[in-house]
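When the chains are written out, they are named A, B, C and D in that same order, and each has its own residue count from 1.
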Amino acid sequence: MTDEEYDHVVEILDRPPLDAELAMYSVMWSEHCSYKSSRVHLRRFPSDAPWVVVGPGENAGVVDLGDGWLAALRIESHNHPSFVEPYQGAATGVGGILRDILTMGARPIAVWDPLRFGPLDEAHNRYLFDGVVKGIAGYGNAVGVPTLGGEVEFDDCYAGNPLVNVMCLGLMKREQLVLSEAKGEGNLAVLLGNATGRDGIGGASILASASFDEDSGAKRPSVQVGDPFEEKKLIEACLELYARGLVVGIQDLGAAGIACATSETAANGGMGMDVDLDAVHLREHDMTAGEMLMSESQERMLAIVEPRDLDTVLDVARRWDVEAAVIGTVVPGGTLTIDHRGETVAEIPAASLSEDAPLYRRPLERPADLDALWAAQPAEPGDPAATLLRLLDDPALGDRSWISEQYDHMLFLNTVVEPGHDASLLRIKGTEKALAVSTDGNGRRCRLDPRRGSALLVWEAALNVAVTGARPIAVVDNLNFGNPEKPAVMWQFSETVDGMSEACRDLGLPVVGGNVSFYNETDGVDIHPTPVVGVLGLAEPYPDPPPRLDRAADGMALWLVGPEGDADLAGSAHQRVVDDRLEGRPQAPDPDAGRTVVESAVVLADVCPVLHDVSAGGIAVAAAEMAIRSGVGVQVDPGVDLFGEGPHRYLVAVPDGLAHDATTALGASGAPHREIGRFGGDEIVLDTATVPLAEATRVWRNAIPRRMG
Amino acid sequence: MRVRVEITRREGISDPEGTTVARGLRDLGYDEVGDVSMGRTIHLEVTGDDPGAVRARVDEMCRRLLANPVIEDYEITVEEA
Amino acid sequence: MRVRVEITRREGISDPEGTTVARGLRDLGYDEVGDVSMGRTIHLEVTGDDPGAVRARVDEMCRRLLANPVIEDYEITVEEA
Amino acid sequence: MTPRVAVVVFPGTNCEHDVVHALGLLGVDARLVFHKETSLDGYAGVVLPGGFAHGDYLRTGAIARFSPVMAGVARFAEIGRPVLGICNGFQILCEAGLLPGALVENRDLRFVCRPVHVRVEDTGSVLTRAASAGQVLRIPLNSYEGNYVADEADLDELERTGGVVLRYSDPSGTVDDAANPNGAARNIAGVARGSVAGLMPHPERAVEPILGSDDGRILLESFVDSLTPSRV
């Protein structure tokens, strides 16, 4: 906490803070909890649409799916904890996001995991990658929430600072929606779940609010251990409480644990709260009041209940073997009073922890090297066959089932398009609705031009969802950046917010939630600006058979839909894998063309369900993927730009019998399209170069396994 | 030489498995059971003559692979043949 | 009293973890490593005065819950306070 | 009257709703029964579904087998009513001694979730009576401890008595190491003894073409057929 921030606390309290109070303010006013550097920018996101039920500011965004169904969504990062301890860091990241969704009243039904690491030829990066994937699997599978996808990139800039983002989707009926409000004088605050120990005291928030350096080892004692079993019981117990109408409000315990949950619920309800720390069930018995307030022990929730329901609430908890204790009472007046062993250890205005948090307008400055980067002329690709094999061997472009098969991705029998396609598709049983989600990030393109790069992400994720047959309806974003005290980083941040906002406006998409992770730097070097977006789409009625990219067959024509000719190599996979360079300026999205193409995909997915978005690696990689996954060769006509990357394009495999219907559908949408090749044979033919399908398949499948052993 | 490495969770780090086992035992009527904590052991056959040198090598193995120093402590016992 | 229970895989029952650790160590260049086998330890706080009686109770816990006789052996050590 | 089946919920179970859904498609009245219930009176059969009962702590199934409901399950085994354990349910039945052997971690120490092929080896069990010998089914596997182990003598005994009901195979039915996803002894994917059967793959995940396969139906139909007392 800075001197000015301290003075501000003294001003609020009209006296110097007590120890526990100071601890509370310093954690709640940390970057991680208060968004003090980002808040002024985040306001620029568009967040309204008629179907938005809860926008940014709550634990999760909530959108209306029609017929009484609501979806809750949220994305979070657990970058620093995962670097310190990959398994537990990733595991507790999953646990945390599930509770954010649960807090809204929804059952968490699926998780996605956008990940970034240093290159896999370094043993330590392999250790982190392996541990993170095992941690997500270990927690997600055991807690009983399927992981339906994500993405992964490898780049030197993440070697000292991997990114572990987790997105979660929840589903509920409208009447289940709850908010994190403590309303009603005399109502009781019941702490549910795990015992409180010295886990991560000032951990997540402190780790996430400072840079990594030589002595990050000293931060180790704060490692938190996840307990998916406790979380599973907590989820079932809470869902039963909601179903029986037994809670007035509820809040998960994350950063700053009890301090944050009690003050936020009280402030949100416009009330105060009397909290008795002696009632908290402890794992370690000699904890100080400050430690109890700050503890980030996992798998805990704070429910606000009416006194007459208390016995029933405790019964439900007992039935699920969940510990429960009344630790507070809602009082009028807005003061949060905390007692411990007969002493008042804190007495503060509840709202001051969040509402009076500092707000910074940090200086912005365009990085000096951008002009030089933009001026460079990217090298042109060489032999297409060799280039394709290099790209297919890349662990970010090759088969990623090494990751997705470690995750239960089938639980609940909703998954009708599994991981490994442009987006996963989940049906809602008993309805004609299905939800598609795609997460996307591209730090390299954002490094070259954060405004265009981040806009392109939104367009790409939206198209991924559309080729799965769903119309995009909402966005969540995770903004992973370097040190905000550096003007160049803050400029990247501000540009990103503007780029994303523009794309969202052009698509009519509300941003309903997100997360900011700053201080992703190691020894003074910042990561690429790495915004990650998650786009949710709704298909109704959903296409059956569901669209897939692996059903191309001998004789089908290969069509390219979307504008042609303006693909480029700036920040492309080709530059990264083959040239080992990063330069040029990515093109800007074209909103009119983009909308037309997105709409055409939604319609076409129902007519001709073998589609694939063109992204990293361009048309060559996209066509090769369809061929490999379908087990049939493909020939791409001479003259097609093979490795260039541009927005708003996708491929379709069209059987002759459907050519007429497909033309009609595309004609109605106005999207440009043409045939650029044909499936068949046992080779991938690019112009005049050929790669045997069997060889391409082997290389693609082994991209991750051959590195991970 | 036979070497035994015992790995335990570091003080203060939560041990959900131990807690669950303790509850399981108490549910079976073993009321005398208090805290329970879980650990792992690794038994290695290592060629070498000098117990001190062997211990030093195994210590290195622990730091590099066998134990996770962030959350675990370890203890090495060299059982001479 | 503190009681330590060590549980090991029975001879002949596969121990993929031990095999993997052995391979991992050899990959790191520890050629002196031969067989590796893994075990689990359970540390229990048990109230009681008579070490013999405590051991008998823990033996019962092992047979009923802590070990699975189909695949595991166990060894009990009572560490008197 | 439609037969009623109990689907047991332990703390940590997570496939219970999926099993109820799948049995529902077959016209069965499947009901969730909490593990603290002591009796299974009124049910014609019982399913222990997949998940992570008690977090799989200590050993998978170790703590769950002491739940009160397991007395009812054991009683069903005694009187010949169908008992089916899927994945974690199979592990619990082994721990409880109602099926031979045990399940340990996969040989590559990685969780595996993907469709695998299994070949029907014996058609006398409550799990396979509607299937034909040699039939190959494509059914998702979803486990970390799916590696079936038992003493050689027990394995021989199991083979002799027709207790091996499913083996991992390739799509053409060849049983070999390449088709073994987890290192299971003799590629064993499912076993049966009396009216009790257990398997690692999840038949309830393969009951509708839109889920990628409906090959799991034949196994669940076998179980449903067995609910009529005359068939056991």
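Points to keep in mind about this one:
The rule is short, and it goes like this: a contact is a pair of C-beta atoms (placed from the backbone, for glycine too) under 8 Å apart; a residue touches a chain by one contact, two chains touch by 3 or more.
What you see is a predicted model, and the numbers here were worked out from it, not measured in a lab.
The chain pair with the larger count of C-beta pairs in contact, out of B-D and C-D, is C-D. Centre-to-centre separation between subunit B and subunit D, using Cα means, comes to 35 Å. A straight line joining the Cα centres of subunit C and subunit D is 29 Å long. Taking the mean of the C-alpha atoms as each chain's centre, subunit A and subunit C sit 41 Å apart. One inter-chain figure worth recording: subunit B and subunit C are separated by 10 Å, centre to centre, where each centre is the mean of the chain's CA atoms.
Residue positions of subunit C touching 2 or more other chains, listed in rising order: 65-66. Chain contacts: subunit D has residues 54-55, 57-58, 62-63, 66 touching two or more partner chains.
Each of residues 227, 229-230, 321 in subunit A touches at least two other chains. Chain contacts here follow an irregular pattern that is not a line, a ring, a star or a complete set.
Within the complex, the subunit A residues that touch subunit D are 134, 137-138, 141-144, 227-230, 232-233, 236, 319-321, 401, 404-413, 415-416, 418, 427, 429, 544-546. Here subunit C touches subunit D in the complex through residues 9, 12-14, 16-17, 19-20, 65-66, 68, 70-71, going by the rule given at the top. The residues of subunit B lying in touch with subunit D in their complex are 16-17, 20-21, 24, 27-28. Across the interface of their complex, subunit B is touched by residues 84-85, 88, 194, 197-199, 220-221, 223-227, 229-230, 283-284, 297, 321 of subunit A. By the touch criterion given at the top, residues 58-59, 62-63, 66, 94-95, 100-102, 104-109, 147, 149-152, 183, 185 of subunit D touch subunit C in their complex.
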